Structures are given as structure tokens and as C-alpha cells.
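Same chain, two partners: chain A is paired with chain B first, then with chain C.
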Partner chain A sequence: MKHVLGNKKAITLFVLPALILYTAIVMLPVIWSLYYSLYSGSPGLKWEFSGLKNYQTLFKDKNFRDALVVNLKYIAFVMMGQVGLGLALALLFRFWLVRFKNIVRTLVFFPVVLPTVAVGQLFAKIYEIQPNYGLLNSLLDNIGLSQFVQPWIGQASTALASLIVMDIWVAMGFYAVIFYGALLDIPSDIIEAARIDGCSAWSMFTRVLSPLLRPVTITSLVFSFTGTVKMFESALALTKGGPGNATKSLSMYMYNVSFSYSKVGYGSVIAVFIFLLCVFGSRIIHKFDKQI
Partner chain B sequence: MNNKPIIKKTIIRLIILLLVIIETYPLVWMLTASLKKPAEFVEKPAYALNAGFYWQNYIDAWTRGNMALFFKNSLINTLIALVFIVIFAVTVGFALTKMQWKLREFVSRYFALGIMVPVATALIPLFQIYNKLNLINTRTSLVLAYIAFGLSLSIYLITSYLRSLPDEILEAAVIDGCGIYKLMWHVVVPLMKNGIVTVLVLQFFFKWNDLLFSMTFINDTALKTVQTGLLYFQDEFGSKNWGAIFASVSMSVMPMLLLYTVLNKTVIEGMTAGAVKG
Partner chain C sequence: MTEQQYFDQYMSRELADSAKRRKRFSPSKLIIYLLLVFWALTTIYPFVWVILNSFREKGMIRKDSFSVPWPGSADFTMDNYLTAFERADFKNAYINSITVSALVTLIVIFLAGLAAYGMVRYRFHGRRALHLMILASMMFPVFSTIIPVFRLQVVMGLASTGNRYLSLLSVVLPQIAGNLSFAIIVLMGFIRSVPIDLEESAFIDGAGVFRIFSKIILPVARPSFATVAIFTFLWSYNDLFTQTFFLRYPKEKTITLLLNEISSQAGVNYGLMAASVVLVVVPVLLVYIVLQKNIIKGMTIGAVKG
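Our next item is the complex of A and B:
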């Protein structure tokens, strides 16, 4: 047994190619970003060691702060929407939907499989006002709510909200399926017993279900968090970060700084910041798992 | 008093119906809009159904909009990357769970680190590395990035499947005189079918969806993928050509739609595995 499973040659052959590729393309660049962040300019062009100066600039940079605020708002609302509505849907499926369970689940999961850019293009047309009314505006117009007809993604006040709605629409079904699976794992005798004891729907949820759903809630929150920290594709596809900076995220700002303005050193600081936000944010969410 | 539960039930049913409509109607609308004549967009409200089947939109998107080319590129990149991801995930996963060597724990943690790395963080140095190696504007740059960034999660998923594979099966095969390579090919791979399908489904969606890498490393139209192509479609066709835009978006969605209609249970399981096990 040992001579087969301890075969050094085979282990090297199995692990080494993937290890090299992974190191060169994933881990090395991450460390490299740290190193870059200590320089100003871009390699080959005014490339000078500047120590922690980039980090100091970062906190005075108004564009960065704006991007951070946009990104944090997006994270908060999308997380709440995706996980909250996902849970609500799962509860509906589990307790009130008797027939058509599979077909409803399949239909609600549908948007999850769509490419982000396609969804962005689709919603750009839904929200459109010029040259023709898009789906939303024409429906509003038709049901007599024409005072609400507006350039949803063309004005700063509604652009971020429109983007958030789109991303909740996309992923709601995903979390619904995850919560539904977890609800099915809860033995029905527990629920029956609580019912016989006269448990109301609300206390059933707060006292019986939510403690049992805690682990899956935590994983869902972490998953949604790490997805939303990266905010890029959907915003790019729907609004290109605009109007102005209304939907410009950290990643988009990083992208502009390093590729459009060629400030590679400064862009790397933002890249490092995104990484740290991702790591510490998920740590904090995981902390809630251990409490109580 | 007796009416109350019935009213409640009806309300809840209506809510569920409404949710299903909200989740699916935009897609239906897109498909109908992709078959409208240009004039219909101006003369009729956006929610109106298509008057006929105006396939010219699809022909425009496929030829003039370069969708044929973008599809080919996406398909090639995705398929090559998937083959390598699966090979690496199975071999590395096996070495990390069932084989005996010293650095096993360390390497296992090292690969797991990558699950947390946002693509944006690695993007700038990766661009510089590719630039030095003259890999910008090549298919290789994309495929390498796709494989490397697909490894962590895939290995993680495969190891969680492998852990539940009983050692007795491997032992029996070894006693029967199976070498390590035969063991992999004839015993492990067939038993890991579910795990492999999960990885394939999940990574197919991830790679087909990629925008960040392809817009950063590729600006040659001949090598653009569906996602980057779509993003700049509007600029090429003008924002007034709704029909062609809808047709191209519908087309980009087709592979997903087909896969999902045929294998919806597998797809749901595959897509959610990343969150449930991760």
C-alpha cells in the first residue's frame, strides 16, 4: 500500500505543475502588489521608491473615499437583499408551497446562470429612457405612474440603487436554493414538536429555525460579502461606473488608476486595500459563528 | 374565522407567483425583443410582444457584430482551461487526501489561501509579468489565468468529495496489483464522477463569465471573448439598434440556457457547491 501511495515520483508529477502555475499566477502577483505599492509611477516610467507615501495619499484621496463609500453601500444593501430575500423565498418554498416546488425552484434559480455582462445589458435596456422608454418606464407610463418615469441609471440619485436591485435580482434564487437545502435538513419532528407546543410562526422562526440556520447564514453572508467586495463586472456592464462616480467601485477605481492613468504603484495600494477588506471582512462575519 | 387561512394562502400564493414573474419576465422580454423589427421599438411600448419573427437581428449580431468569432474564442479558452482544471484538481486533490508525504498539510493550506484572493489584487502585477513575457494579446494569457484562478476552489471541492471515498477500495485495487497511475485512471476517476461534474459546471460558468481578465489582456478584436464583445457591442452598433443588441445578448445566454434546461439539477448542485462547501 505504502509503496503505491507514497510514490514520490507520482506525487511530484501530480502536484508540481499545478503548484508552479498557481504560485506564478495567483500568489506571486499578490505579494508583488505589496512590493509595487511602495513605488510611485509605473515600471519603466518615473518608477521610484516612495515608501509608504502611497498609503498616505490613499486616505486623503477624495476619489478613493467616494469609491469606498459606494462600494460599502453596495456591499451592505446587496448582502442584505441577497441573503434576506433568499431566506424569505426559501421559507415560502418550505412551508407554503405544496405543488410545483421543483419548477418554481428551477425558474427562480434561472438568473443565476446568466453571464453578468448580458444581465447588465439587459437591465440597461430595462431602465432606459432615451431614445425609447425601456421596460420599466413604459410599464410605469402604462399604469398611470408616469410621474415616476425617470432616467434610472442616468442620474446619480438612482443609479446605485438600480444596480443594487439588479444584483439582488440575479442572486436571490441562488441563496434561496442554499437556504432551502438547509431547511430540508432540519428534521420535521422538531418543527412538528414546536407546532404542538403552540409556537407561533414568528417564534418558530426566531427560536427554532434561525439558531439551526445559523451556520448556513454565516456561509451565505461570507459568500455574498466576498462577491460584493469585488464589485466590478455588473457595475461596468450596467453603468460603466457612472454617471460621474455614482457607481464607481474600488476595483474600478483601481483599474482606472493603474491602466488608464498608468499609476501602477498607487493602483497597487488600492489592490492591497481590496484584499485586506476581503480578508478582514470575512473574518469578522465568521466571528459571529462562534458567539453564543 | 374560517376564511382566514384561505385568504392567507391565496396571498402567499400570489406573492410566490409575483416573485417567479419578477425573476423570469425580464428574460422573456429579452427574447421577444430580440425578434422585433427596428420600427417596433419606436412605434410600440417596450413591453409589447414581438409582431413577427425578425431573425435578421440574429444574423446581424452573428456576422456584423462578430458574435461568431467571439463565441469561438470563448469556447476554445473555456474548454482548454476546463480540461486542465479538472486534471489538476483531481491529481492534486488525490495527492492531498490519500497519498502520504511530508509537506501535505502545508501545500493543502497554501492552495486554500487562493480562495480568498480577489482577481483585482493580482491583476496589475500579472499584467506586468505577461507584458515582459510578450503574452499580452494572446490566448495563452487568458487560458493560464483561467486555470490558475480556478484551482483553489476546484481542489477544495474535489478533496471534500475524495475524503468520503473509502480507503478500502484503494487498498483492494493496490493488492490486485494496481500501480498509482492505473489506480488514478481506472479507480479514482470513475468514482469521482460527481465531483468532476460539479467542478466542470461551476468553472464553466466562471470562465464563460470572465470579463476582467479578457478586457485587461486582450484588445485584439480577433481574440475577444463573448463578454468583452458584448460590452462594446453598443458602441459598434449604436444605441438605437436594440434588435441586434438584444439578439447578441440572447445569444450569449443560449449556452447557459441550454445547459440549464437539460441538466438543471446538476447545475444547481454544481453552482451552489462553491458556497455550501466553501
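Our next item is the complex of A and C:
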């Protein structure tokens, strides 16, 4: 097999097409961004070499810091929610749910495939307060909790949380199905044996299932991190980054800086920062994943 | 063991398990069922609500958005759909969307299949670096490289030419790059779980690498390829950002772009909004209903296991 495994021609033919595409559309632009980040203004519009000035501005930029904080909060809560609730649902499917399993699974997975714009419109209607109460506010009103009726996405204090709830709702079905697949992979003998030994539900989870689910948990975290670090479309669809800067993410800020304020150079610095964040994130995840 | 046998084994194991458990019934189970029913309702209800409202006049939606507009009643109207078709070229937009997404899907599964196989089965210098690059680029948002990519495409004569087909192609390229990483990672996970024995014996029998790839890997990995294809198609269809950036002329607009446009123009015309949401979601819904067994099967059987 050694001869086959080292077959240079085969390797080239298998890997090269994807590699070329990556180089052209991912790596080259990253280097290009680095070069742009040394200029001020936009190409064709006050485009001047400014050295590291953009980088100095970045550290003093309050808007940038706010966007970073919003983005990190979003990553933390959405990751926990998506992966945690996904796991909980998968455990439900595997151990409690006997009837209607397929129907429930189909329904849970359904939001995953929806266009973000449509989901944003749906949730805007759910959170609505004017001209009439949306789903959430009318529910609160009807069950006698009218003191909680509020403009969920219209005020800074609840906008980010509302967005986080929406994104967890959208993606938890995806993780539930991944975890469910992994749970089916665990032989029933192991679970039965643990049961016979008098294993409680909690220690079953912590001692038996968790170690076996480790690889799939890491994969899920990778997917969730990659999804949340990009925070852009759902925020655009639901709140447009507002009110104020309450739901403005790094990439939204970068977009504004580059296109609305025509500072492509400064925008590129933010792009470089996001890239470093991604590399950092993937290194951390890489550390946990020995399989690679 | 083939894919089907794996699946059958899981299913029989599961059936035996649930038969054992069916005898018992407890209050806690009832509560869990109630919670699940409630939760299932939250996933369905918004859609029912939007579909209902797409058949009502905007005035009625404001007054009372929860009653049902039965066909034939005074409340029922098709006007919203008529307005939507009148104001926007939905037919053209469907063609654009499907062209872009189908192209992206085909190229992604082709490239990702080859790359994933090469990455799993071969040892070569820079493999780890390449893997890290794939991981990092999966996280890296498209929009942070969009300016250089755009300028690159202008240089290549693809973007901002005013030609409809070139513009559609200019969306396809970044979308391929955006979806390729996920596809490679999922397929690598699957191919890694395929025992190497089959390939070894095929090799001893004198089969070449590409024969092995096409006659052994492709058939075995079909559910995973299907899963990847479906996701790529849907993500490409739903991807608003790249489309907004590269498609600027009316004849190039895709379905998702139209919805976004209508939603910013329609303002308080909820009827029109609701009708457009329905028109955008219908194709996705059809794809999902037809293929949902494959999606869930493909994902459950080792497709997405890192």
C-alpha cells in the first residue's frame, strides 16, 4: 500500500484542483487585504499609503471594541445554546421519545434549511410590539404577564438576546441530528451494562456518554464557532445591527467602514483582525482534536 | 459492510430498544411530550401565520392577524401574490437562483470529493497545513475577502460587466470557496470511517486510483455526498451577502435578493411581505420535504463526525 499512499500523481490530481481554488479565492485575497490595510481611503478615492496608522486607529476605536464585545458575547451564548440544546434534544430522541420520533426530528430540523432573510422577517413579526402585538407579546399579554410586554428588538437591552434566541432556534436541530447519529453509534451493550451496574442517569451521561461523544462534540463546536464568528446575515435580517450598535458585529462594522464610509484600508485592518481571530479559534479547536 | 447494512443495523438496534421501553409510561414522559408538542408548534406556527396572512388584505392583518381567511370568505384575497408578481420578476429570479445554486453544488461536490479522498488516504508534505487552512477558511467570513475577490474578478473580466451570465458566474466562484470547506470536512469524516480493506484488495487486483475512487468510494459515500449537496444548494440559495455584492442589475436578481428588496420597499405592507416570504420559502420547503429522509439519514450515518 505504501506505493499507493505516496503516489505523487494521484495526490496532485486529487488535491490540486481544490488547492488552486483556495489559493485564488481565499489565500490571495487575505494577502491582498494585508496590503490594503496599509493604505487609507478607498482605491481611486484618497488612496494613500499610510503605513501602520490604521492599526493604531484600531486600538483606539471605541466602535470596534463595542463590535468585538457584541460578537464575543454572541459567539459564547449561541455556541452554548446550539450545541447544548442540540445534545439535550438528541438525548431525548434516543432515550425518551418512543412515538413520533421521526415527525419531531423532521420539525426540529426544518428551520435549518430556511433562508435567513425569511427567518429574520418571521422573528421580527414574533417580537413585534407595534402596530399590534406580535406572537410573543400577545402571548405574554394573554397569560397575564403584560408587565413584560416590551419592544424586544427595539431596545438595546434585549435586542442581542432576542437575536441569540433566534439563532439558537434556527440551528439547534442541526446539532440535534449530528448528536443523535453519534448516540446511535454507541452500542446498546455499553449502555445496558452501565444500567445493570446501577448507573444513574446523571453518571450515565457524565461517565459513559460524554467521553464517547467527545469527537462529535468537538466537530459541533467547530461548526458552531465557524457559524457564529461570521455573525452577519441573521443580525442584518432581524435588527440591521441596531438599535444603536447593540447587535453590530465585527463583520458588520467592517462592512460599514469599507462601503458606507469608503475606508477600504481601515476595513481591511478589521478583516485582518477577523482572520487572526479565526486562525486563533481553529488552533484552539485543533488542540482538542487529536484525530487530525 | 455497506451503507444500507449499517443503517439497518442501527435501526434494528433502535427498534429493539424502543420495544423494551414501550411498556412503561410515566408522568415525566407525559411532561416531555407536552414540552415537545409545544416546541414543535413554535416551529410550525410562524409559518402558518405567514401563509395565512399572505392571503389577506393588509388592513385586515393590522386589525386582527390571528383569524383564518378561508378561501371564498370576504377576508380572502390573492392580491398580494398578484402584486408580488407584478412588481418583481419572480420567474427570472427563480431561474437565476437555481442556475447559481446548481452550479455551485455540482462543482463543490466534485472538488470536495476528490480533495477529501486525497486528504484522508494519502500522506504528503503540507497535509496538516492544508487541513488547518481548510478549517480556518471555513470560519473566515466571505465578506472580509470580498473586496479583493471583487477586484480580482474585475481584472479577470467576470464581475461588473453587465452581462447576466458572467455576473452569475462571479457569484458562483466565492460561493464555491465558501462551501468547499464544510463539504471537505464532512466527506473526510465519512471516508475515514470506511474500512480500507476494500480499497486494498481492489489495488491488489490491479485497479488504478481513479477506478478505486469511482467504483468503491463514490457508491459507498453516496448518502454523505447527498447530504453535502443538499446543504450546499440551500446555503447557496440562501446566501444574501455575496449575491447583494455581485448582482446589481435587475435581470440578475435572485430570489433571496428580491425578498430583501421587497422587504425594504414594502414597509408596512405586510400582505405583500408575507406573500414574498412564502414565494421564497416554497422551493426550499419542497427540496426539504422531498429529501429530508436523505438529509437526516446522511447526517446520522457518520456523515458529520469530524
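Just so it is clear, the second predicted complex is superposed on the first by the 261 of 292 C-alpha atoms of A that agree within 3 Å, B and C clash if a C-alpha of one lies under 4 Å from a C-alpha of the other, contacts with A are read in each partner's own complex, and residues count from 1 in each chain.
Here, a contact is a pair of C-beta atoms (placed from the backbone, for glycine too) under 8 Å apart; a residue touches a chain by one contact, two chains touch by 3 or more.
As the structure is a prediction and not an experimental result, all values here were calculated from the model.
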Task = Identify the partner contact of A:Ser157: answer first if only chain B is touched, second if only chain C is, both if each is, neither if none is.
result = neither
Ask   = Is A:Gln56 contacted by the first partner chain B, the second partner chain C, both or neither?
value = neither
Ask   = In the superposed arrangement, does A:Pro215 touch chain B (first), chain C (second), both or neither?
value = second
Ask   = In the superposed arrangement, which partner chain does A:Val26 touch: chain B (first), chain C (second), both, or neither?
value = both
Query = Thinking of the overlay built on chain A, is A:Met172 touched by chain B (first), by chain C (second), by both, or by neither?
reply = first
Message = Let me test your reading of the model: by the given contact rule, A:Leu184 touches which partner, first (chain B), second (chain C), both or neither?
response = second
Inquiry  = Looking at A:Asp141, would you say it contacts chain B, chain C, both, or neither? Reply first, second, both or neither.
reply    = first
Query = So, does A:Val104 touch the first partner chain B, the second partner chain C, both, or neither?
reply = both
Ask   = When the two structures are overlaid on chain A, which partner does A:Thr226 contact: first (chain B), second (chain C), both, or neither?
value = both
Remark   = Both partners, chain B and chain C, contact chain A at residues 1, 4-8, 10-11, 13-15, 17-19, 21-22, 24-30, 32-33, 36, 43, 92, 96-97, 104-111, 113-118, 121-123, 125-126, 131-132, 135, 138, 169, 177-178, 181, 216, 219, 223, 226, 229-230, 232-233, 236-237, 251, 254-255, 258, 264, 267-268, 271, 274-275, 278-279, 282
Key: chain B to chain A touching residues, read off their complex   = 9, 12-13, 15-16, 19-20, 22-24, 26-27, 29-30, 33, 41-42, 45-47, 88, 91-92, 94-96, 98-101, 107, 110-111, 113-114, 116-129, 144-145, 147-149, 151-152, 155, 170-171, 174, 178-181, 183, 205, 208-209, 211-212, 216, 226-227, 230-231, 233-234, 239-240, 242, 245-246, 249, 252-253, 256-257, 259-260, 264, 267-268, 271-272, 274-276, 278
Key: Touching residues on chain A, where the partner in the complex is chain B   = 1-2, 4-8, 10-11, 13-15, 17-19, 21-22, 24-30, 32-33, 36, 43, 89, 92, 96-97, 104-118, 121-123, 125-126, 131-135, 137-139, 141-142, 169, 172-174, 177-178, 181, 216, 219-220, 223, 226, 229-230, 232-233, 236-237, 250-251, 254-255, 258-259, 264, 267-268, 271-272, 274-275, 278-279, 282
Remark   = So, in the complex, the side of chain C touching chain A is made of residues 10, 13-14, 16-18, 21-22, 29, 32, 36, 40, 42-47, 49-50, 62, 65-66, 111-112, 114-115, 117-119, 121-124, 128, 130-145, 147-149, 151-152, 173-174, 176-177, 180, 182, 184-185, 189, 196, 200, 203, 209-210, 213, 234, 237-241, 256, 259-260, 263, 268, 270, 273, 277, 280-281, 284, 287-288, 292, 295-296, 299-306
Key: List of chain A residues in touch with chain C within their complex   = 1, 4-8, 10-11, 13-15, 17-19, 21-22, 24-30, 32-33, 36, 43, 92, 96-98, 100, 103-111, 113-118, 121-123, 125-126, 131-132, 135, 138, 169, 177-178, 180-182, 184-185, 187-188, 215-216, 218-219, 222-223, 225-226, 229-230, 232-233, 236-237, 251, 254-255, 258, 264, 267-268, 270-271, 274-275, 278-279, 281-283, 285-286, 289, 291-292
